[in-house]
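Each of the two complexes below includes chain A, the first together with chain B, the second together with chain C.
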Partner chain A sequence: MTAGPRLESGPRLGRGPAVLSVRHRGIARLIGQRAVQIPAVLLVVSVLVFWLIQVVPGDPGRNALGQYATAAQVQEWNAAHGLDGGIVERYLSWLGGFVTGQWGTSLVYGEPVAALVLGRLGNSVLLGLYAFAILVPLAIGVGAWQARREGSRTDRAVTVGLMSLASVPEFVVGVLLLIVFALVFPVLPIQSGDAVGTGFFPQVRAMTLPAVTLALGYVSVLARMTRTGVVEATGSQFYRTAVIKGLHGGALFRRHVARNALIPTISLIGVYLGARLGGSAVVETLFGYPGLGELLVTATQKKDVFILAAGVMVTGLISLCALLVTDITFTIVDPRVRFTEGE
Partner chain B sequence: MAADVLLADRVELVESVDAATPRPAGAWAALLRRPTFTVPAAVIVWWVVVAIAWRWLGLDPFGDTGTKLAPPSPEHWFGTDRIGRDVFARVLAGAESALLIGPLGTFVATLLGTALGLVAGYRRGWVDQLFMRTFDVFLALPTLIFLLVIVGAFGSSPLVLAAAIGVLFAPGIARIIRAEVLVEMGKDYVTSARVQGERARWILARELLPNVWPQVAVQAALSIGGAVFVASSLSFLGLAAAPPSPDWGLAVNENRAYLQGAWWTLVFPTLAIASLVVSVNLVADNLKEVLRG
Partner chain C sequence: MVHSLDPRPPLRAALAALAVGALALSLTACATGPAGGTASGAASDDVYRLPITDPGSEIDPLTVADYNAQIISGLVTEPLISLDAAGDLNPRLATHWSASDDGLTWTVTLRDGAVFNDDTPVTSADVVATFQAITAEDSQSPGRSAFDGILDSVAADGDEAVVFTLVRPFSDFPLLLTGTNTGILPADYEPGTWLDNPVGAGQFLLEDYTVGKGATYVKNPKYWNADAIELDGVELKVYGDTQATLLAFQAGEIDRIGLTSDVAATVDASKYDTISSGYNKIDGIFLDVTAAPFDDPTAREALAWAIDRQGLVDDVYQGNADIADDVTFFPDYEPQPAGLEQREQDLDKVAELLDGRTLSFTVTTDNQLFGEVLQQQLNAVQGFDVDLDVLTGEQYYAEGDDTPWLNAGVTVTNWAKRVPSQYVSLIYAADSAWNASHYSNPELEELTAQFDATTEAGERQQLADKIAEIQWTDLPVIVPAFSKAQSLQDKRVKGEFAGALDFYTGYDFSGISIED
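Here is the complex of A and B:
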């Protein structure tokens, strides 16, 4: 998982079709490696999560049935939900169920956990993708603009401003946006919970504020990487050569600036995407959006262990896969990158 | 031509060695000349003083003043909330919980992370591999999700939260310290200490630690911002402080419903969090730039 990208300055690889096949073999190896690593990491996470959840103070049957139920009723309820027996036994039966898609029944909602978690995950993915549609062009645009004014007062002011946005918790940005849009400029809905499933446009409108809130926190780092990348690329020998050669406009930018400047940016986009698609508990709670993060917060408050366990596993799986996709993108964009085992 | 290149190389080498010389006294002077350091540092000092001294300022963050949801006025600078409590008093008193869990968690994380990083970098081999693979597990999950599980399992007392934040932030610090130690291990002073037959513990504590110390300070400073961020997010989610605590994150959560009617109950705690977290990050960034040269 941590095989760091490495720039090789060893023997030159050739050009032409031969390079492609070498590159594809690299990707296949990468996928093979991760096919072992990802389940292994998830297995460790699952043991940890299951153990942690089992030490939840209080009896789940007691929590679900309330204080007036008899001890026998509580015991019966626990047995019916697979919550009796030794911890190893319970872990194995839960793990077996998880792998085969039987994620159990929610203790609080009384619905199958799989349907709940996956449904909420769908909502979170939508929100995450919307946030990315705002974030990526915005950050790259701001970064490139800053690079053109490198060292100026506006450049520094923008950097400090963006860093401040990134360092405050999401609900701070969210509350400030809410106040602006509730009191000063009431054009967008401030709660997005009811809008899900009301059709495309109402939903997009309702999701705009949470998506902007999510995006703003990440502009800083992405813009800074783009800025550095562009500054380095335009200051390089190959850029000067390209200009002297007579290249200009789109071709110059695409072939000589963008490709070099965006390599570090892409890696970050992938990591963020993984983190975002799992849902943001804070933003979803603030705007009342029915996503996975909000579900997990509710599950924690109400000690709904099955939702919590399944939700954490799903989130972990998504983050790990996002890392894999990032690394694959890396090898495709930058043929110099090779992944080696360990460090 | 070749001679030119060689000369250029040599000039650059001399310059870079010169610039890398650490001068601790000069570092402080350089910091104090930067307004992006002094202003945030003053804000932090203000909040620390308030967090300790609010008890003696005659403030009552819990009592009913008799008027509910009053807008800001000369009597109540920040207005009053839905049960008539003075928002100004609550914002000042809330500094205490904001400055408790985050810094405490950072302290745990720095201790733990530095120790693990030193050992991993020094031992290398299987110890290193074991630590690194364990850290991967922690880094695989979003921080907040892990905290949810821990809060679900162990409750949300300040000690549990500080320990949880410590455990979660330690791997990040350990990785960086380890990388730093790996660089130091190649230097002669480590080799000579080993040849002298010094014990591992002595080399770690007396030889390596002083040399990675600036990096430890920078990482600790950077982590405080993150820890305050995470702690206030948890209290916003209703998973840390419980009513009637004047905690800022909790205040934002409780007063969300009064967004349109009483913005002052929401804005002032929000701005308080923002001022603290932004200041901590600016100070950390300046420290990083100055200490790393």
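Here is the complex of A and C:
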């Protein structure tokens, strides 16, 4: 976890343009720090990927040519695909190509890695955004609704329901949806791959089941966090003061509850977003959605180190950038965050 | 008024927009179109839809090795000869084939008027170039191993005939022409470029192939037998999960699914047609005859008599197999060896052979179900103490001198259907790279060479009997069953497939139609 802005509990720096200036400089410094940290992290990750794929059993040439190919044929295939040198030599060659945009050719598919990875990334981003379009309003709505009925029978019932949902693995939720929409209520396609690239509405239809599966995987935690935040905010001194001042209804909730209650939720959303936009291997594989996660599963099974390395770098970059955006959003939204000089 | 001075909080507006958007998208998604629509609008056409998994290799007809990659290219390319479900040879680009008197040359006559899908005629030069590419010294084609030690050279005899010259007489040579990677390509084909220009003389044209999604095909109007192809096209859909494949079949999104134990347990088979395309493989139990305990022939024999073969057929193959007798002659092959006692589980004989000994060993395999059933069967027999080591495919077939599938004491390995003498040269011959039993018997190899060299029925029968007797007696490999490919098929499909779709023998959709 990289360093982020911290909650300043010391003397306040005051209000007005001076504060804004400090805050802007702090954000700039934060971006600068991450601009150094992110490449370093990715470098370590790429080394690990190259090393790990080397030590796990299996041979790309054998995978490609099957069990009936001779050992000599497998060796020739590996040599023809640049896999016969030392690992350091191959890593440096790949790294040089990667930073200059030459990501190589897939060992499995024989197609350019950049086109494969970026194409699949686009699909995963679409799916992730759709899942978030379902997740965020649903979770926040449920959490806020629960908070306003804190302690009631419905609050407890919804809590039990959400905890139950949280305990069900994503894969099981997906299979249950598959069963329901395949056999009982066939109004949505159970496989998404067909519809990709065929137009907005067909694609949205095809993405609905995987998006709902992804959203349901996070809704309980996010709703729980929202509920807790709203309960704490409505129990705070500033809330009581606002009530005493005569504020009530929507304005009270917007100005004094939502902004404070959602800060931890926003932080969590940022983390989730980074993970989701990089693709979900389980859900994409289950629903046949051609996303980056599904591609990386195949690359791992087939030891396609070029796809795997590029894919991990891309997903890592997305996750780290999402964290950065989260931290920046945090500093903007949370009135308690202050950068001190020199931080 | 304080309220009126407040700007509208952007967070709330964003959430509201997200909520409305998500609701609208979801409602739209549920409201429009049928559930099982396809990318190419193929649902309204007569399209046969098959599930595949993501192929594990580049799509090139010369080098494709797994089923998924083979069918992607195999629907577009056309072989000289194909094999049907009964084990008979069907003419495709070849119309006639015959051997010389000495059995050392085979002349194949090509079909007049056959063209590639780019309108160029299929000539002998194309056939020569294809087989030279498969069998070249630096070839990476998995199909090469079938011709190793058999095919010496291939040459054109005019535009419409090809002469295959063999290293040694091989009476089953036409069967080799039905095997992996034998689809004919143009002479100027550049390896590795097939997806750029998916050329072939087969029944379908590749319309689109997207990694991770699948492939769509339309009928090739220039196919030499286009009138027999009633389908408008074929669609291959990629599924990454067996449960999803099964549900897709039940939902009517695909027309066919392999009849595995999971499928048999889940699907009401009476709602579908059960189809079989004949024998497809053996799962051989390979015993290292150079190391204890199976360097002792009585130990090998005791093991062979301890196996409940019908139990394996029921529990491993769900009945889609025939009991075998430790020989490599598939039941649809002629001649069939005669005079051997069919081995069945005989515990008295086992006790007699073991004479109070206990055989302790480990079965190593990547076939978990087979391994578990075998282990349970043997551990229920007095005198056996069996461990099981199930490896992934990558571990089992790992490269190197110590690869498990060729070095462990007892292994279970599947071998695709081949002619009997090929099995001898590949897994029984002393100099074979795949002789996992480390077995050697010059007499067996000599008899097999004689078998390959003759086409005289009586002589072949005698030689088959002797070959089988050696395999049955020496037992370097226990062959408990001949497995069949069996599938469930949607009843909307009419007609009978000539050959297998489950493995490459020259895919053939002639006579298949879709009932709307």
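Operating definition for what follows: the second predicted complex is superposed on the first by the 308 of 343 C-alpha atoms of A that agree within 3 Å, B and C clash if a C-alpha of one lies under 4 Å from a C-alpha of the other, contacts with A are read in each partner's own complex, and residues count from 1 in each chain.
Definition applied: contacts are C-beta pairs under 8 Å (C-beta built on N, C-alpha and C of every residue); 3 or more make two chains touch, one makes a residue touch a chain.
The model shown is predicted, which means the values in this text are computed figures rather than measured ones.
With both structures placed on the common chain, the touch criterion links A:Ala322 to neither chain B nor chain C. When the two complexes are overlaid on their common chain A, residue A:Ala261 makes contact with neither chain B nor chain C. Of the two partners chain B and chain C, more residues of chain A are touched by C. When the two complexes are overlaid on their common chain A, residue A:Val44 makes contact with chain B while staying clear of chain C. Of the two partner chains placed around the shared chain by superposition, chain B and chain C are both touched by A:Val175. Contacts of A:Ala71 after superposition: chain C is touched, whereas chain B is not reached. When the two structures are aligned on the shared chain, A:Ala80 is found in touch with chain C, with no touch to chain B.
Applying the stated contact rule after C-alpha superposition, one finds that A:Leu183 touches each of chain B and chain C.
After overlaying the two complexes on the shared chain, residue contacts for A:Ala251 are found with chain C alone; chain B is out of touch. By the document's definition of touching, neither partner reaches A:Val142: not chain B, not chain C. Once the two complexes are overlaid on chain A, the chain A residues touched by chain B in the first and by chain C in the second are 56-57, 175, 178-179, 182-183, 190, 285-286, 297, 301, 303. Interface residues of chain C, counted against chain A in their complex, comprise 2-3, 6, 9, 11-12, 15-16, 18-19, 21-22, 25-26, 28-30, 32-33, 35-39, 54-60, 63, 65-66, 138-142, 144-145, 180, 192, 195, 210-214, 237-241, 243-244, 247-248, 250-251, 253, 392-395, 397-399, 405, 416, 433. Here chain A touches chain B in the complex through residues 1-2, 41, 44-45, 48-49, 52-53, 55-57, 160, 163-164, 167-172, 175-176, 178-179, 182-183, 190, 275, 278, 281-282, 285-286, 293, 296-297, 299-301, 303, 305, 308, 311-312, 315-316, 319-320, 342-343, going by the rule given at the top.
Across the interface of their complex, chain A is touched by residues 36, 129, 132, 136-137, 140-142, 144-146, 148-155, 225, 229, 232-233, 236-239, 249, 252-253, 256, 259-260, 263, 266-267, 270, 273-274, 277-278, 280-282, 285 of chain B.
Remark: chain A residues 56-59, 61-71, 73-74, 76-77, 80, 108-111, 116, 120, 130, 132-134, 136-138, 140-141, 175, 178-179, 181-183, 186-191, 193-198, 201-202, 204-205, 207-208, 247, 251, 254-255, 258-259, 262, 284-288, 290, 294-295, 297-298, 301-303, 333 touch chain C in the complex.
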